[in-house]
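Consider the two complexes below, in which chain A is the common component and chain B and chain C are the respective partners.
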Partner chain A sequence: MWLRFMKPWGLRPRGEKWKGRLQSLLALQPLRLASGCRPPSVTARALVNHWAQLFEERGVPEARESSEYIVAHVLGAKTFQSLSASQRCAPITDLQQEQIGELCTRRLQRMPVQYVIGEWDFQGLTLKMTPPVFIPRPETEELVNLVLHEQSQRCQEFRRKRTLAHQSHSWPLILDVCCGSGAIALSLLSKLTQSRVVAVDKGEEAVQLTRENAQRLHLEDRIQIVRHDITSGVNREQLLPWGPVDFVVSNPPYIFHCDMAQLAPEILSYEDTDSLDGGENGMSVIREILSQAPMLLKDSGSIFLEVDPRHPELVEKWLQSHPDLGLSLLATHVDFCGKPRFLHIHKSRDPGSRRTQNV
Partner chain B sequence: MPRNFRIKDCFRSVSLFPACLSAMMQSLLLLRSARCLWTRGALLRTPRRPASSGSPQLEELFSGGGAMRNFLERLTGPGVQAHFGVKEPELAMAARKLREKEQELQEIERLLEDENEDLRKLAENEIISCQKELTKLKQKIILLLIPSEETDENDLILELTAGVGGQEAMLFTAEMFDMYQRYATYKKWHFEILEYFPSEIGGLRHASASIGGPEAYRHMKFEGGVHRVQRVPKTEKQGRMHTSTMTVAILPQPTEINLVINPKELRIETKRASGAGGQHVNTTDSAVRIVHLPTGVATECQQERSQIKNKEMAMKKLRAKLYSMLLEEETNKRYSARKIQIGTKGRSEKIRTYHFPQNRVTDHRISKSLYDIQSFMLGEYLLDELIQSLKEYADYESITEVISERC
Partner chain C sequence: MNTLGSTSLPASLGRFSRGLWGLWLWKKPVFLFPRMGMRAQVTGKTDAHNLLPLNERDLEEQFVKGHGPGGQATNKTSNCVVLKHIPSGIVVKCHQTRSVDQNRKLAREILQGKVDLFYRGEDSHLHKVRKEAEKKKRERKKKAKETLEKKRLLKELMLTEPSPKAPL
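The block that comes next holds the complex of A and B.
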């Protein structure tokens, strides 16, 4: 019965959706009274089915998932699967139905689910998401794990050598280039409880969002957020407030320019293309990071990059043609789909005169 | 899976296994035999109260001429040294002290017949403090004798499945799940839902959760089994009483050392199998399924929006499943002659009844009834009290076993 009432909102043309919904809600009231008894309460599952079907009809990808995430969000859960039995069968209020309708209408306009509900999870954190700041992809969670793994290896090595070396063990300093929403920087800070991170992005929205996320997660004391375009050269004072870093981590724009047109509407019309478009062969920002990294890294520091599966070969060639940088590709790691996705690049020697200065 | 397939072959660190297992199996066996006795009704009696000041059970256990006495005498006697285990010197010392204290008590008791009134009063006071010390010593001996399971300190995975009774069974399963979640909060344990498959009317078909905290397994292991509910269900229109069941399984969570899985033997399935991936796509489906190829055991998780979190949780579940299979196999191999199935027994035995019209919860293993179901299902002190009773009873039974085995 309620489906009959709901259909009109979703199917209404975009412009008049708000007014239309209110009218149909008002129209619903007298009917309820007339029937003389409580109308059957709408269940969460029925709402999910309704919107999933509508998404399907309109060609919205991940129709069921989108519908589930939105309904769960309005009911106060992260996923539909994590709704408790009582949450699931409690009657849904008119206000909740209205909220769900409003959010689903945005999804019908192909807005990514993460922007629709205004947040998403990355590693263990819930981050605020606002357009047009790049939405972190699941692959990048693995990039963070690689950095954490490297750090735990360094710790073990340090413990083994402790009797020999006199340098004190310290938490790594990290530079996150193209930080977007702050996903990489903040998840590293939450795991490495005494590390400090410098997060850099050229977009004002990204810098703002990283700052907001850092505050929400109470990590703002250990992060320095800098608005800076890495392609315009290095500003060491800005980028290295605490001196050279142990790790440079980045998920730079790496999509080949020629592939940009084929991206889904969710990406093309909502996400900042500057955070995706890597130029002619997706290398423009990668090259900049590699050129500048030797000046930013400590001796034997590491760079961790997320790249396109065609990049490992290109990057290796490029590094070979730039021996003066003193960088070497230590390892290529595959993502959960088995695609070569992550590069671990090592700074093997200092290119400039710093080494002699240190001696 | 072939009949003679041994899951043990799938793991790398099995060399560690026999040593740590034998201790555990021994104690499992003891518990098992204790349970057998309960179910047979051979030892039906009111459960032992906490072993505090001079409880009847404590006295009974230490009564003259009993097995415990014989055991302690043997222990303190000449020529019996050091082949029992690590705790033995401590135990022997406590036994010696006990004997000394008892002799002291006897001597003081003689003073009660003295003519001097002051001396008699002094003796009375002495006797009281002496008895207190004796109780302490006895409790200490008991603690030293209780065998602990290797897995007692582990975290665990709690699995709830609705049994016979359709929607009503599922409704009850949902209530049980809430009860355990609240119990975990009450015990200040960490409780993380791994999966939750509800029914449409607010019931629960199946769910699992990971529980971690001090002695979580030691407490929760007594909850494994079939729980029966008797009441008039919400769904019943004619007011008839129904009997439904649900099953609880408690799987100890292996530590890194208990179980090592070769990553090459895992197939991890996600929704992003094709396409360019990475920045090229924005998908939100974060469900993860993990298959352990040699055994075909599979787990999945879609509780979280983060894919890597789902993977961690699915992995946790997989490890617990493989570990319990491993334990079961070892057990079957060791005790097949006695037809003991420790791993599965807990899941098939009816252990408790929740009788709503009588407002009563009865644990059949110790024939103990508690009244006030509602408070019980809050998962607070009443549930804790019952679990404590079960624990004490199991301890008591295993001590009896230990003593009879050693004498």
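The block that comes next holds the complex of A and C.
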């Protein structure tokens, strides 16, 4: 058992940006365990129970899940359920116990589990996670599935028509705006083996993390990562190194500014608020992407966006009031909780050539 | 404390609550459910063994309740998936990975094996795999027993023989 003193560096005033705090975050001060924390025995199951109880007492949400993920991670597994029964009952070494203790202490300070263990899974890939880069949400996996489905439909259609154009459709070009940790870009690259992606983010940490994740997954040869703030205007040279794209895909900041203050401490204190705050009505970045999309997309191209459930109506109205963009909302898709979450937008076509909604 | 709950669907879409991953064209705006792969059927991973296909319409999926506003506004890590095959009543719980998408796929694979076992009994792939494993285990035990017996005989033989004389 070790004795250390706790320095509350984790929680900071709301509204203050995280940037520049990485050093202090990593230079963890010595910590002191609360009294009576010595676990009765040293099996994985016992440790999970011990820390889950402590988390619950301290008001840490998802007490059991957090405890399970941390213990499993130290034991080299992704989830507690994936450990065998014998692994769960085997004795934990002193070193492992110390590692678990350190990680759990960070969780006690409301650090998101993904930052505590430094990684998370997305669409079958394991990605490195570091604050303040936005943590990919489970809903966004469905955004990737939508793009994959659309790509598959296109390939089938062109194969049926037996046009030469089908050739280029086998090598889709994708632009991922506000790429964060690179979750969307890299999962598309790994599933579409002939694709190429331009990943854009305004944050330096996001660009670096995407680069690192691309290298870890050996996908760096098919991705270009660009640091660019799309709200500063179109930059075709930077965004289109390979020409106009087949897909613009984005999980842009879409939270309504007035809702920002209600976010959990895990989010407000550790994630970059710029990756969440969508301004008034959560539309500021969405509007920018839609305004620039006609210049970035091929005529047959599609835009896939993740949005707030209130946005489908707002976006449809906005597109109708900007007919010069020539974009229309083709479909709205729900997430696994049944909330309208994803928009499929394309360049308006004349009624004669409109594709049936048979996706 | 999280409890399991059904995915929340608008009341007007209630009749589509089964088979969440089918495609439903309703009225504008078109609300499309998440799709699993490109097919409405789950075909077996081990297609060579011809597992009974599962129809998405026969499946009911549950995620952990209390997801809050969802999306960017929430950071929940409870990615456990509970999948039920309605006709047989078989339920599978999967939390093998930290990805909801992966857990959904795995849950379907596991459920497909169990449903195949349920309907095909002795003809099912799972049943055959288990039988094969039991057979191998019996053979290993038998071999181990034989080896032990041989060693015992050899030991007895060595004890009854006179000990070799030391060389001069």
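Descriptive notes on the structure:
Criterion: the second predicted complex is superposed on the first by the 298 of 359 C-alpha atoms of A that agree within 3 Å, B and C clash if a C-alpha of one lies under 4 Å from a C-alpha of the other, contacts with A are read in each partner's own complex, and residues count from 1 in each chain.
Going forward, a residue touches a chain if its C-beta (ideal position, glycine included) is under 8 Å from a C-beta of that chain, and two chains touch if they have at least 3 such contacts.
Quick caveat: nothing in here was measured; it's all calculated off a predicted structure.
The superposed arrangement places chain B and chain C in clashing positions on chain A.
After overlaying the two complexes on the shared chain, residue contacts for A:43 are found with chain B alone; chain C is out of touch.
In the superposition on chain A, A:149 makes contact with chain C only, not with chain B.
In the superposed model, A:226 lies in contact with neither chain B nor chain C.
When the two complexes are overlaid on their common chain A, residue A:314 makes contact with neither chain B nor chain C.
In the overlay built on the shared chain, the residue A:332 is in contact with chain C alone; chain B does not reach it.
Residue contacts after overlaying the shared chain place A:139 against chain B and chain C alike. By the touch criterion defined above, A:120 lies against chain B and chain C together after alignment on the C-alpha atoms of chain A. In the superposed model, A:112 lies in contact with both chain B and chain C. In the superposition on chain A, A:340 makes contact with chain C only, not with chain B.
Once the two structures sit on top of each other via chain A, chain C runs into chain B at 292-300, and not at any other stretch of 76-84, 130-138, 166-174 or 292-300.
The interface of chain A with chain B overlaps its interface with chain C at residues 62, 65-66, 69, 78-79, 81-82, 112-114, 120-124, 134-135, 137-139, 141-142, 145, 251, 253-255, 259, 263-264, 266-267, 271, 276, 306, 308-309, 335-337, 339, 341.
Against chain C, in their complex, chain A makes its touches with residues 62, 65-66, 69, 78-82, 112-114, 120-124, 134-135, 137-139, 141-142, 145-146, 149, 152, 251, 253-255, 259, 262-264, 266-267, 271, 276, 306, 308-309, 312-313, 316, 329, 331-341, 357, 359.
Taken together, the chain A residues at the contact with chain B in this complex read 43, 45, 61-62, 65-66, 69, 78-79, 81-86, 88-89, 112-114, 120-124, 134-135, 137-139, 141-142, 145, 251, 253-255, 259, 263-264, 266-267, 271, 276, 306, 308-309, 335-337, 339, 341. Every residue of chain B that touches chain A in the complex is listed here, in rising order: 174, 177, 193, 195-196, 198-204, 268, 270, 272-273, 276-286, 302-309, 311.
Of all residues in chain C, only 2, 7-10, 13, 20, 23, 25, 29-36, 38, 61, 63, 67, 69-80, 94-102 touch chain A in the complex they form.
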